[in-house]
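Letters A, B, C and D mark the chains as written, and numbering starts fresh at 1 in each.
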Amino acid sequence: MMTLMSSQFQPVLERIAAEIERTPDRGRPADYIPALAACDPRTFGMAVAELDGTVYGVGDWREPFSTQSITKVFTLALDLAREGDELWEHVGREPSGNPFNSLVQLEYENGIPRNPFINAGALVVTDRLHSRTGDAAGELLSFLREESGNPALAFDEEVAASEAAHGDRNAALAHFMAAYGNIDNDIPVLLDQYFRQCSLRASCADLALATTFLARHGIRADGNRLLTLSQAKQINAIMLTCGTYDAAGDFAYRVGLPGKSGVGGGIIAVVPGRCTLCVWSPGLDERGNSVAGVAALDRFTTLTGVSVF
Amino acid sequence: MMTLMSSQFQPVLERIAAEIERTPDRGRPADYIPALAACDPRTFGMAVAELDGTVYGVGDWREPFSTQSITKVFTLALDLAREGDELWEHVGREPSGNPFNSLVQLEYENGIPRNPFINAGALVVTDRLHSRTGDAAGELLSFLREESGNPALAFDEEVAASEAAHGDRNAALAHFMAAYGNIDNDIPVLLDQYFRQCSLRASCADLALATTFLARHGIRADGNRLLTLSQAKQINAIMLTCGTYDAAGDFAYRVGLPGKSGVGGGIIAVVPGRCTLCVWSPGLDERGNSVAGVAALDRFTTLTGVSVF
Amino acid sequence: MMTLMSSQFQPVLERIAAEIERTPDRGRPADYIPALAACDPRTFGMAVAELDGTVYGVGDWREPFSTQSITKVFTLALDLAREGDELWEHVGREPSGNPFNSLVQLEYENGIPRNPFINAGALVVTDRLHSRTGDAAGELLSFLREESGNPALAFDEEVAASEAAHGDRNAALAHFMAAYGNIDNDIPVLLDQYFRQCSLRASCADLALATTFLARHGIRADGNRLLTLSQAKQINAIMLTCGTYDAAGDFAYRVGLPGKSGVGGGIIAVVPGRCTLCVWSPGLDERGNSVAGVAALDRFTTLTGVSVF
Amino acid sequence: MMTLMSSQFQPVLERIAAEIERTPDRGRPADYIPALAACDPRTFGMAVAELDGTVYGVGDWREPFSTQSITKVFTLALDLAREGDELWEHVGREPSGNPFNSLVQLEYENGIPRNPFINAGALVVTDRLHSRTGDAAGELLSFLREESGNPALAFDEEVAASEAAHGDRNAALAHFMAAYGNIDNDIPVLLDQYFRQCSLRASCADLALATTFLARHGIRADGNRLLTLSQAKQINAIMLTCGTYDAAGDFAYRVGLPGKSGVGGGIIAVVPGRCTLCVWSPGLDERGNSVAGVAALDRFTTLTGVSVF
């Protein structure tokens, strides 16, 4: 369905950046922690990575930003690679149909979160990866450094501390699931691991590269296999149905690609077998997704004809 | 991503049918109306239709069955073609995250159903198509006859009457949305239209053919355009995220194609730009999807490598 | 606990009326039907009836108003007298903890409404009384005429028609419960009976008198027993815990008497073994109870020391 | 309404004990912590305390048991006495209409618990009393020792430790409310205070005596006033509408007195202006109330004619 030449990526990105530049409404940065609230909503960067590691970019595409929930994709992949389908006894794969922090469905479904990308689900995945590795956050950091080829990637301890200081909802989720026997580690240890992961800083270029294993059906940058073909497809499926909070249907409708957003304003997306994208602009819509980010991905799929549909 | 030759479809279908034949557990037919309850759960049929109208099939693929919710796809397409994006002010595009008849989210969201494929959403779409055409069910029937090339397609008035006799939940949904001003027609008229649509009988061959306009990005069998390229992709996106009740995530994970199921045991699926599928087996799982149907589609995508991911 | 002399009732009522007169905020009349919206929120009437039928009153205490949900108490008593405890298999006795029309708990609890005073519960009670008498509304009217000694009491057909025209929520409730097998009559018949009951017009004097059987532990005005001692106490208990929508706790806290309000602005209250009260002022608070009515009952219990606590 | 002589209490209690003795079904003790699970469900004790401190009793009425949620009444009284109506900005007074630990309504109502007797509400009250006294549990213990005249009353540190070890749901509730700014103290400190209160051991005699301030309209055993007349009535009102989990309506219907139960199998009840009761039997019904306890109170009000209705 897609006949786009690689040489066309750069002009498409530049055209999109020019269009976004003329867009007045950029939404508002997340304001619950100072580091995010301070971001300029007019910042914009976008990168495309091909399967061979070639990266194209525009705007602030080499500028590190707070990845936040985007890391949930990588943590999921790292745990799924280790424990396989047993994971799915502890977290579901269905869209949540509710604002992303809701406790309602969690109660209704006995402490099993709907999917790995709502906070409750990511806490479970982190808990399980931590039990298997002794250092979930460290494992994530190593993986992202290797895939992006950027050894300078690091957690932002100040952001992690801010998150922890506003972490009562996540603590409530963790204790609630622990009451159902669905958390193994001590809650403070788990929360520390979780907030550090969220605090990771990386650029559009870093994240587009780090995501290519999902476009390569499970093969890492060094040629080794992290996931089976089936597992890679499955993560793409979960990204499409659950990757953008309560706007997954709208994202599939407009963009038509597996994607995952974060409240830092970043979004990653996968064109299976072809390339990956990462876009960043800190202004969010009311559902927590980057306004300019979604618009840019929408334009990219329209201009290039790329879509899984 | 897909290199399958058409000539391979028939052997793949036969292999799948043989595998399904050996599967003991087929689930249980829907039992809320006699006509469905009487179906033999071991019945199995499957068809593939290519873009040019060539159809391959196996088992009971020419046997008519009760399409039920599968018709929601066609009603949506017919209304969207007429009124365009205005429809989305009256029905959402997000997965429901709740059993398919739930009133909870409807109340929370002021009478706007989450998507066009839950019963509440299909009632709204039917209501709007009826207001625009004066005969929603008739419009649907004409369309399906023309696309399938089968002028014998018809509603099953006995099934429609059975549905009406057990129609209190749908009546409740309709009145509830009417209380929010989201229904235009009289409720008895609307329910009659709705239940007649659900009662339509068609075979796997008929439905696979009738669905090809979605694989052809909006072009009907006669070469005329029903939907824009963008609208066709959008319906595929909604099928992927919302097409199989509260198992849409699981369906995307296992099958990886836009699909829509009905409690009659049928499922249609779309491989955009390539072909469509329809499978039928009346035994359902606890979420209302055909057990053998999902298994057969799962095998098809595994054996052929077809997947949007 | 109560030593109030009957001769003190009249001065207490006059003092309360004077205080209410000086109160600027009276809330807003219900506006969903014209007949209620047209009421002057500054209207105020209050009556006390003693066990022997002596009535004291102040303000518009002889002016008929739309009783609305107040009639739910009498319909409950009439059905309970006939079928006894079997009724409680079809409707609960617990506070609803949710806005009065909510469908959520009804779904959670399989079509059994929480109590007889939410709309869903009153529909069930009406349905059952209708099955037993063939004319639930007529039964109610006869009873109220006899207890009040006022043969002029009548339904307001115009109000009943207005209610029916805005009756989609109640129709949804009725169909929803019918889907669970908890409604016996045809829905249009049931709704007609229900809306007619709600439309009954009566004055504070009429309603205070008609309620005295609950203060007399089940004995009607003519000396015959309608309810057992135990049943009369039970209805008082349900009025206290469920009689004022989602403000029952607050009403118990402030007034401390069994009571039942209606969106017409009326409230009845019972001092077991001593007297009954009825107050009317059409302006409502955000939970649907008369602002001046609750304030007047609060003052009455404070000034007289009457309270079940 | 009540003409019972004190001299009649003892024979009534003995008659009730004999009847209970013949009742085969006693329910099952709470089993989530060992100390409660080990209780013999056939244990039964009951006490009545008059306003002057005279106590009558039967069975194991002098045997200490785990008071659990019964202490919520005293903590509420101690905090309300200190801060007055400001408390009601942080906790509601409405029945919860949901199982006692539900998080749903808490989320719907922005972290303000429905009433002081669900766990969430008791955590808020404990938090506020602790902020005002520096030792909420110590304050409670002193009060109960003084009112009961039993200086041996003590917390059961083993039970408190068991509760803490199974305390994830309460921790979730506390963190959840903290996310809404409705908790002032550190969560571990608050939980320690809360679980210690629940662990208090006291007998029927102790608790009946300690409750008499509510029957005396706010006056303590030493003649000093803890609560205003109005506050005492208000706590009785909250006990009646919210004191027995999701069975408050049923308790009002059957017993007709303000009461508060605990999962240790105890229940206290108030006859305003007359006496108090405490009953204990560890076997619970499915809603968490003592089976024999409710039955005994039901018999007491039937035999004596005592009831607020």
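The rule is simple: contacts are C-beta pairs under 8 Å (C-beta built on N, C-alpha and C of every residue); 3 or more make two chains touch, one makes a residue touch a chain.
To keep track of the chains, here are their UniProt names: A, B, C, D = Glutaminase.
The shown structure was predicted, so the numbers you read here are calculated from the model rather than taken from an experiment.
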item: Cα-centroid distance, chain A relative to chain B, in whole angstrom; value: 32
item: Separation of chain B from chain D, taking each centre as the mean of its C-alpha atoms, in whole Å; value: 55
item: Chain B-chain C separation of Cα centroids, rounded to whole Å; value: 48
item: Residues of chain D touching at least two other chains; value: none
item: Category of the chain touch graph - line, ring, star, complete, other; value: ring
item: Pairs of chains, among all present, that meet the touch criterion; value: A-B, A-D, B-C, C-D
item: Complex contacts: residues of chain C adjacent to chain D; value: 1, 92-98, 105, 114-115, 230, 232-234, 236-238, 240-242, 246-250, 252-253, 256, 258, 272-273, 302, 307-309
item: List of chain D residues in touch with chain A within their complex; value: 102-104, 107, 168-169, 171-176, 178-179, 187
